[in-house]
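Each chain gets a letter, A, B and C, in the order it is written, and its residues are counted from 1.
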């Protein structure tokens, strides 16, 4: 890494969160059926305004007017792929940040091919993925699976190289989260193992990053801010060691409760 | 307003709720992906029987046999629009109440045009909408957005006029809720600000209104009853100032717990 | 019934659950929009790995590599039906267990016809259904409805006959659950009435049965194990008589907490 991270990063995280709550940016989601309800509630709890829409007739209108666009390939099909590209192009033309979540890239040919094509054609501002998905996007012959089976470190090496060449920020999540734009790198140590026992927490991380991209112009800072806030909320929700059902509910509560003081005392970023 | 509201309205609300629980009406929903799970649980908690179905091959069969039909345009696409009209026509032919939720009307051309066309062709018994959506339906050049940005008062003026001409009841929700059939008007002061921090509470209000329409023949009373019960449940769920995740869960609990005594002591209708 | 059930059945249930948690089998679901989030969380809480995917381009790839395949017809449409059959054939070729949930069979022609055709063409290893749906599958002129309106006993007579002829296990759920392969029969007395006040509990029973099929080679034992674990979890979640919202959350918590000791002390199987 050639460039240092800002010394006041924690303060920047808190400031960006305040802006989300003040501006309530509209986040346009073309996402999978499994998590739609949960990620909409995540965005509302955080302070943003979600809209889910996938019809080819309306996605350009919405994406170009949104604060940011989330494209998540978790339950892909041909008609939705068309809408993802339409929305992606409209967002880019309107200088609206695009965040890609390549769910299950590497698990099937359709997902790998769609994720790679979206990445190269649309050049999203940020990719949020686990290690497996990152590798599936960055190199040929990558591993399988929705769950991350590769170390974040290996994924980060590939992501850093691709980020430097393409100008995309990679936000790779796992036991530790790591964000890179190819020149700078930020590690986020916040989070909790219970997050992997609830469906859609990866997708939730993505929409939170997208909300931060709507208010923070440096995508590296936006991605790191989103993962920090989400990781801290996960720690807050895990207090008392709840079961996964209760944890998922409390995670929404925590996203509304988290504030500047909590961020200052709990953020573990380096 | 030329006609007074019934003096025993609160008793009628409680009576209608008892009928829902005794008869368990089947509510057929063609609705958006985001809220399907939540509104199904809302209907079950209330005492009704939800079915979600959208295939053109089966919607007429279901709609014509249901206690009421909900059409919600929240995640619209061409094939679903066809099913909405098929179901709407079948319901009307079978004298099954149709309730329209024009989610996001005004936000995109597709939604505005679909909502207006459904309204004029099917003439739903009740429209449940926020102020923005009501204005998008009632007049040209209306505002944008899934969230209500217009005052309920302005929307009510337009809705009252359209209701009087078309025979549809408008149930316009916001900080205060207001129901009109063009001749009578009922204001419902129950509810809680936390309801706007959970996705699908507007859609939930709609399905509750639809459940009341299945047992109460006067659609104005049915709509007012549904919004009163839902508003009170929202207040019950908000006790102790929970976060939005916990609130959404408790809202379901409250819908099962609410009864005649709670309605009598808490209803604020005028 | 000509064959006795194993005397150590309760120990087998606990052993199979341990295997799910150790092996974390991938369960491929082609299921309805309403329950996708909940059944994914059910599988995660139990210890399995869910994937939801329906695109014709990828279902064969996923189904043939999965630990088991769930086909649930709850929100059917023509393109999804094609994917269900593709996935079913691929799973059968790869000796992957197929579990069918014929949601709403009997309620519409589309559902009855699709369920029957899937049953006869794919010959699923297990069918998990309520009594109405079982009768709709097993005999002509059966009753209507998503909710079970027929006694489990009558459904079991028909299911037993069809099971003996086709080699499919029927897991018929209701106030009591009953599992048969045509030769042996197991009744599961665990469960709680609150389970019928939450949408998707039937679908949840199905995915849990599918997870057990991924680790237990005898489908009768797998189905009985799944229903026993789910019934006990339902009892655990119902402690303190919560409302339906809280109950649904605690059901996920209970599925993670249930263990060998709880199974040994609470299982009521005969």
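Note that in this section a contact is a pair of C-beta atoms (placed from the backbone, for glycine too) under 8 Å apart; a residue touches a chain by one contact, two chains touch by 3 or more.
Remember, predicted model here, so these are calculated numbers, not experimental data.
*Asks:* Are the two sides of the chain A and chain B contact the same residues or different ones, given that same means over half of the numbers occur on both copies?
*Replies:* Both copies, chain A as well as chain B, present different residues to each other, with under half of the numbers appearing on both sides.
*Asks:* What is the size of the turn, to the nearest 5°, that moves the C-alpha atoms of chain B onto the matching ones in chain C?
*Replies:* In degrees, rounded to 5: 120.
*Asks:* For chain A and chain B, let me know how many angstrom lie between their CA-based centres, rounded off.
*Replies:* Their C-alpha centroids are separated by 34 Å.
*Asks:* Where in chain A do residues touch two or more other chains at once?
*Replies:* Answer for chain A, listing residues that touch two or more other chains: 33, 37, 248-249.
*Asks:* Which chain B residues qualify as touching chain A in the complex?
*Replies:* By the definition above, chain B touches chain A via 32-35, 37-38, 74-78, 104, 107-111, 146-147, 197-200, 242-246, 248-249.
*Asks:* Mind pulling up the chain B residues that touch chain C in the complex?
*Replies:* So the residues of chain B in touch with chain C come to 26, 33, 36-37, 40-41, 44-45, 49-55, 57-58, 61-62, 65, 79, 248-254, 256-257.
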